[in-house]
Each structure stands twice: as C-alpha cells, then as structure tokens.
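In this document, chain identifiers A, B, C and D correspond to the written order of the chains, with residue numbering beginning at 1 in each.
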Amino acid sequence: QEKPVIATVVKISGIPWFDRLETGVKAFQEANPDVEASQSGPATADSAQQLQIVNDLIAKGVNALAVVPMDPAVLEGTFQRAMERGIVVVTHEADNQINTHADVEAFDNDEYGAALNARLAECMGNAGKWTTFVGSLGSRTHIQWVTAGENNAKQHPDMELVDPNNESFDDANATYEKAKEILRKHPDIKGFQTSAGNDVLGVGRAIDEAGLTGKVCLVGTGLPNPSADLLESGAITAIGFWDPQKAGMAMNAVAKLLLEKKEVTDGIDLGVEGYNKVSVKQGPGKGLLVIGNGMVLADKATYKDHLF
Amino acid sequence: MNASRIEQLQESTARPAGFSLGEFIRRRPESITFVLLVAICVAVAIANPAFLQPSTLIDIGRASVVMGLFALGVFIILAAGGIDVSFTAIAAFTMYSLTVLVLNHFPGMPLLVILLVATAGGALLGIVNGLLVHHLKVPSLIVTIGTQYLFRGFLLSFIGTVWIMSLPPQMGAFGRLPLLQFESANGAVVTLPVYFLILPAAAVVTWWILNRTLMGRAIFAVGGNADVASRLGYNLRTVHLFLFGYAGALAGLAGIIHVCANRQANPFDLVGTEINVIAAVVLGGARITGGTGTVLGTMLGVLLIVVINSVLVMVGIPSTWQRLVVGSFILLAAAFFVTRQRKK
Amino acid sequence: MRRTGGQLVMLVAINCLLLALGAAISGGSFLSLFNLQSMASQVPEIGLLAIGVMLAMCAGNGGIDLSGIALANLSGVLSAVVVSSVLSGTEDQFAFSLAFIAVAVTTGFVGGAINGLLIARLDITPILCTLGTQMAFTGLAVVVSGGKAVMVGSPALLSSIGNDMFLGVPISFLIFIAAAGLIAAALKFTPYGLWLMLMGTNPKAAVFAGFPKNGVLVATYALSGTLSGIAGIIIAARNVNVKFDYGSSYLLIAILIAVMAGVKPEGGYGRVICVVMSAIALQLMSSLLNFGGLSNFVRDFAWGLLLLTFLAVGRYDLVGFLFPGSRQRVGSGAKPSSTGT
Amino acid sequence: MSQPAKGEPHPARFLELRNIQKWFGGVHALRGIDLTLDLGQAYHLLGENGCGKSTVIKIVSGAIAPSGGEIVLDGETFTSLTPIQSLAAGIETVYQDLSLIPNLTVAENVALSEQLVAGQGALARLFDRGRLRETAERALATVGLPTDRAFLSTIVSDLPLAARQLVAIARAIATRAKLVIMDEPTTSLTRREVDNLVRVVERLRSENVAVLFVTHKLDECYRIGGNVIVFRDGQCVAQGPIERYGKKELSELMTGRPIDSERYRTARPGDGELFRVEGLAAPGFEPLTFSLREGEILGITGLADSGRNELAMAITGIAPATAGRIVVAGREAVIRRPADAISRGIGYVPEDRLAEGLFLDKSILENEIALVVTRLTNAFGVIDRQKARATAARLAEEMRLNTKDIDLPVGALSGGNQQRVLIGRWLSIGPKLLVLHGPTVGVDVGSKDTIYRAIQALAEAGMGLIVVSDDLPELLQNCDRILVMNNGRVVAEFDAEQADEDRLYRAMLSSTSTMESAQ
C-alpha cells in the first residue's frame, strides 16, 4: 500500500523564505504520516527551471502538487496536463492561476497592499512624495500590492507618487543603488512602499547610510529576522508578511483534503494558524480560491513575536 | 646606406606626422570611452541638473568598486587572449564560505586577515581555472563556463544556501567605515566608504604588473601570440596560472567587499553579472581577441556602464523602458566604437 | 569530420548510460512512455537555442549568440500582443494560431537579421552585439507587454503543438527534429553550409575566395533568430502564456550544450546531430536528478563536472582509446616521399 | 649552466646532435640526424619542403622535444632542451614565421628576451627599461633599422613585412649569442637588404658566433659562403664546405633526382588581347596601363612597397582600384570585390597561402570546390556530391597532388602540395587570367619544378598569367615579359628572354637611386 505523495515546488530553493516554507512542509509531514510530503525547487529564479521540475514530478507520478509558481502563466499548460492525469494541483501566491484545483492565499492581496500603504501614510503624516518598488514588472502580486497602495493613497491628496514601480529584481544591492538615486533625485521624498522580500533591506540600508532614519518612512514586505537590525535602527518603519511556514502547511492541508476527495467549503478550518476560518470562493478558473487571514504587519515593537 | 624603404621608414617615424585624430583613436581607443562618458554626463546634467551634486560622484565611485575589481581581472585575462566567466562564481564561493567560516569558527579574525584569506581563496580557485585552461588546451570561455557551474553548484549544494544577515561585526564595521563624509542639502549624509580605496589601489597594482614587470609583458605577449611567446621562453604555464590566479584573487577580494558593503552574505548573489563586466571591459577598448587594452580604459568602461545604469532614474526613463535603453546604448556605443576604430 | 565521429559515439553512449541509470534508480518508471514523452517535450526549447548558438559559433571570429532566449521571448510576446489585437484566440482558433506562428517566426528572423547586419556591416564583436540586442529585445518585450505575462491561450493548432503527440512522439519534439534536420541538411548539402564552415576556419581566406561574407553572416544570425522564433512558439504553445523573462538560465545552458556537442568555439566546425544528442543528454541528466529527488544545485555542479570531463576526454583522446575505429587517420593517404613526376 | 670552457682551442665545437629522431604521430620526420656546429662558422641547411629542417631547428631551440637521440651543448649532454635553456646557452633563432609578438613594441620584441633569459625565465621580476632601450638601439642599428624613440615604440604589427623580418634578426643578435639560427630569413628581403644581412653575418662570424641558415635560395648560400648541410626525408645526406658542391649537385642531393634549371617558358603567347588595364590607380600606385595577350605570362616585380602588391590586389578586387578601367576579353569589367573578379574569370593566388588562401582544417575536397559550389548545385540548391567529388579529384589529379585521398585535411599536406591545392582551386573556375603572388615562396626545388610546369601548361591552354614575385630567376625562367615597378609606377619593361637579373635589379632600384643622388 503506497502512501500518496504530495510534492511541494517553490520558486527557488535555498532562500530564507522558502526554507521557512519547508519547515511547514516538514511539520505537515510529521503531523500526517499517512502521506509523503517533500519540497523541491530550482537553483535559479527562472520559471523555465521550475517548469522542468514540475514536469519531471508529473512524469515521476506524484499524487498532488503544491506549487508556488514563479510565474503562474508559465505553468498553466503543464498544470492542465497534470490535472488531466488526475493529479491534484494546489497553488500559492497565484490568485490568477486558471488551471488549479485550489489556490491558497494568506490574505487578500488588495487588502494587503492597502494595509501597507495605510501604515506608510500614517508614518508620513499623510503628506509628501513617495515611491514604490516591485520585484519585477512581471510579478503580478507585487503589482497588485502597489496598485492597491496607490488607490489607498488617493485618500490623501497631499501624498504625491513619484517614479513608481522601480524594479528591484529582489536584489538588495540593486535596490540600494536605485534607492540612493531616488533620494538624490527627490531630496524631499518621504516614503517608500516596497514589495519583494529583499527590498526593505536595500532601501533601508540606503536610508540608514544617508542618515535619514526617522525622516523617511519605509514600509514593505520583508522577513522579521533579516530586517531586525534595520527595524531596530528605525530605518524600516514596518514590515508586512505572512508566514510561509503556515502557508506551506495550509497548501499541503488543502492538497490532502482534495486527495481524500473531501470538499473545501467556505469557513473551513485547515488546522493551521491564520487559516482557521478561510474564505473559499470560485477562482478565475474552475478551481477554488482559498483565502486565509495570515497577514502580519510588524514594527520595531512587535517583530520579535515572529522571529524567523 | 640601406635599402630605400628602410630609409623611408626612418623618415616616416622621425617625422612627427602632425596630429591625426584617427590614428590617436586607433592607438588609444579608450579615448572614445572617455568622450562617451563625458557626453552622457553632460546630457544628463542638462536633462536634470540635480545630477550635478558631489553625492552623485561618490555614489558612482562606490558602486564601481566590485564591478571594477572584477573588470580588472577580466581585463588581464582578456589581454592574454582568454576570457573568463567564472569570476562571479569564484567571488560568491569565497565570500560566502569565508563568512560562514568566520562566523562559526573564527569570530575574532581581524579584518585584514579576512581580506587576505578571501584574496588567497579566490586565487586558489583561479589557479584551478588556470590549470584546466593550460592542460585541457581549450578556449578559456568554455573551461570557465564549466567551472562557473562547478563552483556555484558546489557552493550551493555543499556549503549552504542560507543568507547570512548578521555579519561578523568587524566585517559590518568595515563596510560602513567612512573615508569621506558630508551632509548634503536635504540633511542626508553622503559617505564614501574606506573600501572604495581598494579599487584604485588594485588598478595601480594591475597597471604596475602589466607595464613594469616581465610578467605583464608576458601576459600581453601571450595575448599577441601564445605559440610564439612560448618559443621565446615565456613559460605559458606560469603565465596561465598567474593570470587566472590573479583574476581569482581580485574576484575573491571583490566578493568579500560585496559582503561587507551589503551587510549580508547571499550565496545567490553576483553570478549572472559576468556578461556586464565583460561588456564594460570591451567598451573600455580591450579587444575581445586579446593582446590590447589598458587599465585606464577598463576603468573608464566600468564607469560608463555604472553611469548608464545609474542615470536612468535621473533622466526619468520609466522602468519599462530601461532595458531597451541600456541595450540600445550598448549597441550604439559598440557601433560608434568600432566605426571610429576602423577609420585609420 | 573524422575527429568527431568519436564525439557522436560518446554522446550516444552517455545517453544510453543515463537512460540505464534512470531505469535502475527509478525501478523502470524513468523509461515509462509518459516520462519519455515528458522529457522529449522539454528538449525542444533549449535544443533550438543551442543550435542557434552552434551556428553563430561556426561562423568564427568570436561568433556567439547571446540573444537567443531574449529573442524567443520577444517573438512570443510580440506575436501574442499583435495577433490578439486583431484576432480572437477562442473564436478563429486556426487563423489565430497561424498568424501567431507567422508573426513569431518573422520576429525571430528579423531580430536575427538585425544581429547579422550589425555584426557583418558594422563589424561589431558578436559577443558585444548580441549582448546589446539581448537587452534590447528583452526591453522591447517589456515595453510591448508592460512587463506582464501575455495570454496566448490554447487555440487548436497551437495547443496541439504544445500538448499533442504524433505516433506517441510530442509534436514539439518532431518540430525540433525537423528544424534540426533542415539545418543539418543546409549545412551539409548547400553552398551556404560550405561557406559558413570554411569562413569559420579562415575568415581572411574566405574574403580572398570571394565568398559572400556578409550574406553568410546575416543568413547565419537570421537562421539562429528564426530558431529562436520557433522556440518562442513552442514556449507559447506549451505554457499557454508568454513573458519577457522566461528561461533566463538558458543563456549559458545553450552554450554548454553546444560545447558538449564538440562545436569549436573558434569556428568552422559543428554538427547538428551532436547538438541534438547533447541537448538530450542534458535533459536526461536533469530529469534524472529530479527523479532522484536531488537538489537542483547538485545538478549545476554535475553539469560543470560533465563539461570539464568532456573536455578532458577530448584532450587526452580517451575516445580514440575506447573506440579505436573512430580515430583520426590523418596522413594515411599521403606518401611522405617527394613528388613523382 | 654552460659557461664556455676556458682555454679551449679555436674553433670550438659548440653544438652536436647525435642520432636525433622525431615522430609526429605516425610521421617519422627526423630519422637519425647527426650534426656538429662550430663557433665562428656559417652553415646552410638545405632541403626540400618537409624534409625536417624546421623540426631540427625547433629541437635545438627547445620549442619541441626530440623523440630520441641526444644534444651536446657546450660539452653538456641533454635529451631535450627548454627554450630558456637554449637561449641561456646562447642559441638565438629567427623562426620561419619570424616569431614576433605582434602587439608589443619594436623595442620589447628586440630586447625583452635578453632580460627574460638573464633571469632564467623567471617572470616575477621588474624589467629594466633603460637597458631595454639601449639593447634595442644597438641591435637595430646593426641591422640598419632606425633607432629613434618613435620607431622603438612602434607596434610591430604596424610595420611592413621586410622591417619585421629585420626586427626579428635584430632580436637574434641583440644578445651575446653564440649560435644564430635563421629559418628562411630572406624570403621577404630584397637584394639590398640581403647584402646588409651578409655584412651582419660577416660581423657575427668575426665575433666567433656560429650562424645557421635555412634557405631555399641557393644563390644566397654561395654569396654568404661557409658550409652546407643537406637534408632529405629526415636524414642528413651531405655536409661540407659549399665550394665543394655545384648548384645542380645540391639540387640533386636535395631532391634525389636531377633538376634542370633551364628556362621553363618555351611556348609563345597568342595574338588576341585578353586583358587590359587603362589608367588604373589605387592608393599605392599611380595610373598605369598595360595589356596581356592570350596565353601570355607577365611578370611583375619591384621592391615590396613598389606598388606591385597593391596592383595585384586592385586587379583582383581585394583592394579595389579608385580610378581607371579594366577590360577582360574586350569587355569592361567593374571590379569592386573579389566576387566580381571571380565572375570575370580572374583568379588570385595570394602570397600568404596559410593566412589568406587555405582552409587548413578542411579537406582537400572542400578547399578545391570553395569557388564553384554554386555551380555544383542541382535544381534544389543542393550540392551534387558526386559532381563535387569528381571536380575535386580532377583538380587534384591535374595539380599532381601526392595524395588521392581528397578527404584529407589540407593542413596535413606539405607546403608544396598545399600551394598546388590553392592553384587547383582557381582552375576550378576555368579562369581567363590568374594572378599568382609569390607562387613559390617557401617552396622547395622539387615542388617549384612542378608548379612551374603547371604554370606553363596553363599558359599553353590560353590562360593569361600575371606572376608577381621578387624571385628574379623565377620570373626570367617563366615569363614572356617582365614589368618592373618602382614607387607606384612601371619604370621598365623587359622581354624576359633578353633580360638578366642584373638589369632587372638595377631597374627595381632605378628611381630610388635618382632620388638618392638628388639628395
């Protein structure tokens, strides 16, 4: 009697975010010895490499895929083929994925973007120049967040968005250079809203080194541990995130439910913190959109509760 | 006294021959790089006078350090007729392994020792390149593609992938140690860190090696014609080992500076930027076929790339257009370069 | 010719070895029809790009094409944007597919021809030129698509290119083999092929012999670009969407494949069949590692090792040692005495 | 290591080779060479292409290791040498390919070796730039090159070939050498430069330096004097004072068969005009006009910078003319690039066959059909293999290649055979006019003979030939007429049958000497 295999595939292996996610997969495995759960991911941040891994896993004959798509669009065709072969497909960070049985989101992306911006506006006193960073223009969620942020900022007529949507490529050093440049071009800038996990580090360092800590606000997605120093110094105003560990567990939980042919209904408890009462809607395709309540905004005072 | 054409030769070399711009450019291609650099700066300054602040210069200088060190290594290999794409992997390998080492085993290691070990470690990996290039007798591009995969694969599979966010304190402090610091109009502090000095120092050392030592001449000789150089008594093995060892040492140094400056050690960093560095060196006037180029030109090429990359926001090019602009610019510069160089 | 009969033998041997190894560790499921089909449908993208790199390398004079994947993405993106603004992918499925293919191939061709013209006419070093066009093509794709993925959908024809089999073989793979076959034939049987290889061996002699040098160069890069265009179509067909930054790791892998296939980086020699075998070997190896559940970093490491091993094997003539029949036999026909009159 | 043993009687034995063997893969290039060289003597190493001359020199200078035998250098015995050992012992070599580093300056090329050798090849050293200058100046002055700063810092690849050859010689004598080896040092030197070289050699000998020449030009051997060493097929077949041997005898020793150096040209040209240039001009030569009849062989000579090279390149479209007309068989031909010339039936066999002519890695087949592939295709644009093979085989046959295997890479052929492949390629287009530039440069007596016969046969078939060369006997033996160029003008025209070397030579220098006397 073979145990069903749930394969988790992340965007890129080895980076802190997905290492944290892997702890979730491992925790899930421990709690559910009746399945086989494991995680893999490409060595480079390249959707083609991820595609290959997914393809090989399908060929290998796994029972369920839990994928964090590098680029949801790239995986559509493959997911379709996988579903045709009876493989359960669960995704994360891909609320536009058409070919999936269920997409698990930690929160509503628009709400998250608005929340980040609200925190930024508060720090800026609802006035002044601000700008945004995205990992890359192709990153859908990042664009969603900054767009929601822009919409939120419209409530405050004194907030002026300048040179928006700078690409950071999730590279702290490149972000740092770009932030310096923006500080030079707009000496009176007051706020940064960033999206990719490393952006707060780059922008924060630029603010810190320029001695503008406290004068310029910075709110963005980031992880507590890496951001600790800059949060302490005040260069980062606040970070927003969700716990990838929980997301990993939730993904696997949904996959297991689907494997067992159980229904995922609105308000169901996935048994994971932040996903105790998920909202379940119809997704963009035939699949479900499972939205949890896992958003966390942390600042100097609160980040220590979430050290990872 | 001798055959006529030798006399003519004598005449023609004796005659100052006036000043010919074409000839000057042919001999000193880096002058084009310089002109381009100035032209861009002027254009940007006109488009946005905010460009003209001392902090711009300092930021450009600071951003050039890592790329500049890489470029010096690439240049000396290019001068000897080779090409290297593994230097970023060498840098990533040394910087990450060393940071792990210091953090876990020698927390008190003085900074100077760290820098030396990084340099030595890079040199060691470079020598592996040199040995392979010399003994396998294949173009170094191919060998170094192989070693790039090898080094990076080894680093990520066997040494670690976890980012190190809190560096050993001495390294973090070095990254912040100011050489020059002043406050700009908006109250922002502009800092030129001490590590910047490493670039000019390395440039001078490289220049000195290339122009004052026999090794330097041997490198150019090998770049001119390796077979002939070996017949004339230049030991190709020594030259290859030195060459790749030196480039590796520079890469190791660049890696550790990258870590200190960024205040984090990310093993995924750096790899993928090698083509840009090669472009910088070639834009600095070194021919990709080897045997030519100058340290000054290399530095100008690096500045050119850094400046292009860092003025896009200044002139307000929307980020969707930035790649297209940089790409077109490289093409334009290359075309300009080639046509000017060809006119004799 | 002779020197590399061995290369092919060696590549075939490696492929067999990898298949056997896969069968051994997976208990046979590596050799299942589905997995073979799955791997076969993964080869074409990178294989086509590697053939493009090979062509550029063969032209000599530092020829290389770094713009392959960028151009493939541009072809897909541009074609998707242009065609879907005129036709609907759900209604006129067939027309949409044909138009998509036509625009993508044309884009690839034009992009490649631009490379060729810049290199032949302006004399820009290929590495620098294709580096510039790589950025420019990617940039153009970003501008056209706004940086977002562009939906292509699964209109009839395209979808069968991406998903269907013909006699159990993925159609995309058949397209790849057909394209490779055509190129191989062009290299072997047409004046173009002869010119390209001779020019790669000695560009100066090619000028003295009055070869249409610029024509050959432009044709070579245009061909390479067209292959990128086809790769773009396959990517679009398989993934339903196209995006500017797909396959960023393909740049070096394509070169790796070409080199493993024994293509001479200094020009004048390369065989399409070897490139195809080499691409398949790489695919087998990476699938094997995924099957074994090994980290993908190990794969990079293994590739590096494999490449260096290949070089060492070539250098120390281990092929000749293992397969004496394929050994070079220079000099066998010539008599070392002086000319009889 | 090897200091000269003091107090030894004169002449001192410097170098001795004992039973030296060399295998290249399956080729037995040297089959037991025994040689002795004494200080203060001049030696001429003669032999056909591929008989092993260069190989011996490379072994002596440490560039390659022998497969067997021993080398006794200054009393010390070695099985092989490194370049540094050889240089340190005082052996300086001017290689056939000159072995200059193209991207370094004249001074560095001439004088850097001295410091390299002084340090036993160690590279981690500074070099003394003052000494570099001094050494270079001294050596350059000896060979008659300028010694000013500008010249010293000229990049070698910017120099004309003749000057490069002199620079290479200057390097060889820059140090206190004991043996100077020159592998075909005079291929691109004119007679005056050779005269100067003779003086240099005299001086070296008077300073007790041994000089070893490798050459195909027998005349020069007699001018220089000394001893001859004759190789055939990797063996030494004769050694002794040159006076003992006649020219003909030497040729026979080299080839192993009699060669007559009579005039090859026996046929007469036809009457019809085949080719004419009118007022043709390009950078390098002034407007000039001449014509060629069917089956005529026209020689063109002059010093290297007389414009003869430019003229050849203008006719063949390599460096197109800027003014004037070219008329082929009564029709004006516009020649802007090589393809134009080829389509008009004008072929060009360049001087540097390795760099400009052959595709060394490629087969004889591919080399031979390179020009005519488009004619060998069928309706689908596909090359007809059979036709191609037949064409190549026919050309190989016609040019009497010593191999029938047309799949053999051209690089595996000997120099003479390579040249024949190149000429054969041009025959494939059925040319009306063939321009041969230095057709026998670096080709041995035996191969020369074959090439000359081929040239005559082509002329007899009605083809026009222009032979550009500074090998005067070659022109006198083969041509109908000879044009002498000087400073971009034709200064004299000779009927080859009436002319002799002396008159040609005076014409070559004529206007320069007027210039000289005017100064």
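Quick note on the criterion: a contact is a pair of C-beta atoms (placed from the backbone, for glycine too) under 8 Å apart; a residue touches a chain by one contact, two chains touch by 3 or more.
Values in this document were obtained by computation on a predicted structure and should not be read as measured data.
Peer 1: Counting one step per pair of touching chains, how few steps separate chain B from chain D?
Peer 2: So the least number of steps between the two chains is 1.
Peer 1: Compute the centre of every chain as the mean of its C-alpha atoms, then state which one is farthest from the centre of chain C.
Peer 2: The most remote chain is D.
Peer 1: Roughly how far is chain B from chain C, going centre to centre by Cα mean, in whole Å?
Peer 2: Here the centre of chain C sits 31 Å away from the centre of chain B.
Peer 1: Rounded to a whole Å, what is the gap between the Cα centroids of chain A and chain B?
Peer 2: 36
Peer 1: Where the CA atoms of chain A average out and where those of chain D average out, how many Å apart are those spots?
Peer 2: Taking the mean C-alpha position of each chain, the two centres sit 72 Å apart.
Peer 1: Please report how many Å separate the Cα centroid of chain C from that of chain D, as a whole number.
Peer 2: Those two chain centres are 43 Å apart.
Peer 1: Mind pulling the residue numbers of chain C that touch at least two other chains?
Peer 2: Touching at least two other chains: 142, 146-147, 295, 297, 299-300.
Peer 1: Mark out which residues of chain B touch at least two other chains, giving numbers and ranges.
Peer 2: 153, 156, 161, 320, 322
Peer 1: At least two other chains touched by the same residue of chain A: list those residues.
Peer 2: 13-14, 43, 137
Peer 1: Which two-chain combinations qualify as touching?
Peer 2: In this structure, the chains touch in these pairs: A-B, A-C, B-C, B-D, C-D.
Peer 1: In the complex formed with chain A, which residues of chain B make contact?
Peer 2: 48, 50, 53, 55-56, 59, 63, 153, 156, 161-163, 165-166, 176, 183-191, 258, 261-264, 266-269, 309-310, 313-314, 316, 319-320, 322
Peer 1: Which positions of chain C touch chain B when the two form their complex?
Peer 2: Residues in contact with chain B: 62, 66, 118, 122-125, 127-129, 131-140, 142-143, 146-147, 252, 255-256, 259, 265-266, 295, 297-305, 307-308, 311-312, 314-315.
Peer 1: Can you list the residues on chain B that touch chain D in the complex?
Peer 2: 1-6, 8-10, 13-14, 212-215, 217-218, 220-221, 223-225, 228-235, 238-239, 242, 291-292
Peer 1: So in the complex, the part of chain A that touches chain C is made up of which residues?
Peer 2: 13-14, 38, 40-49, 51-53, 55-61, 71-78, 80-81, 85, 136-138, 140, 143
Peer 1: Which of the residues in chain A end up touching chain B in this complex?
Peer 2: Those in contact with chain B are residues 12-16, 19, 43, 137, 163, 165-167, 171-173, 176-178, 180-185, 187-188, 201, 205, 209-212, 215, 225-226, 228-229.
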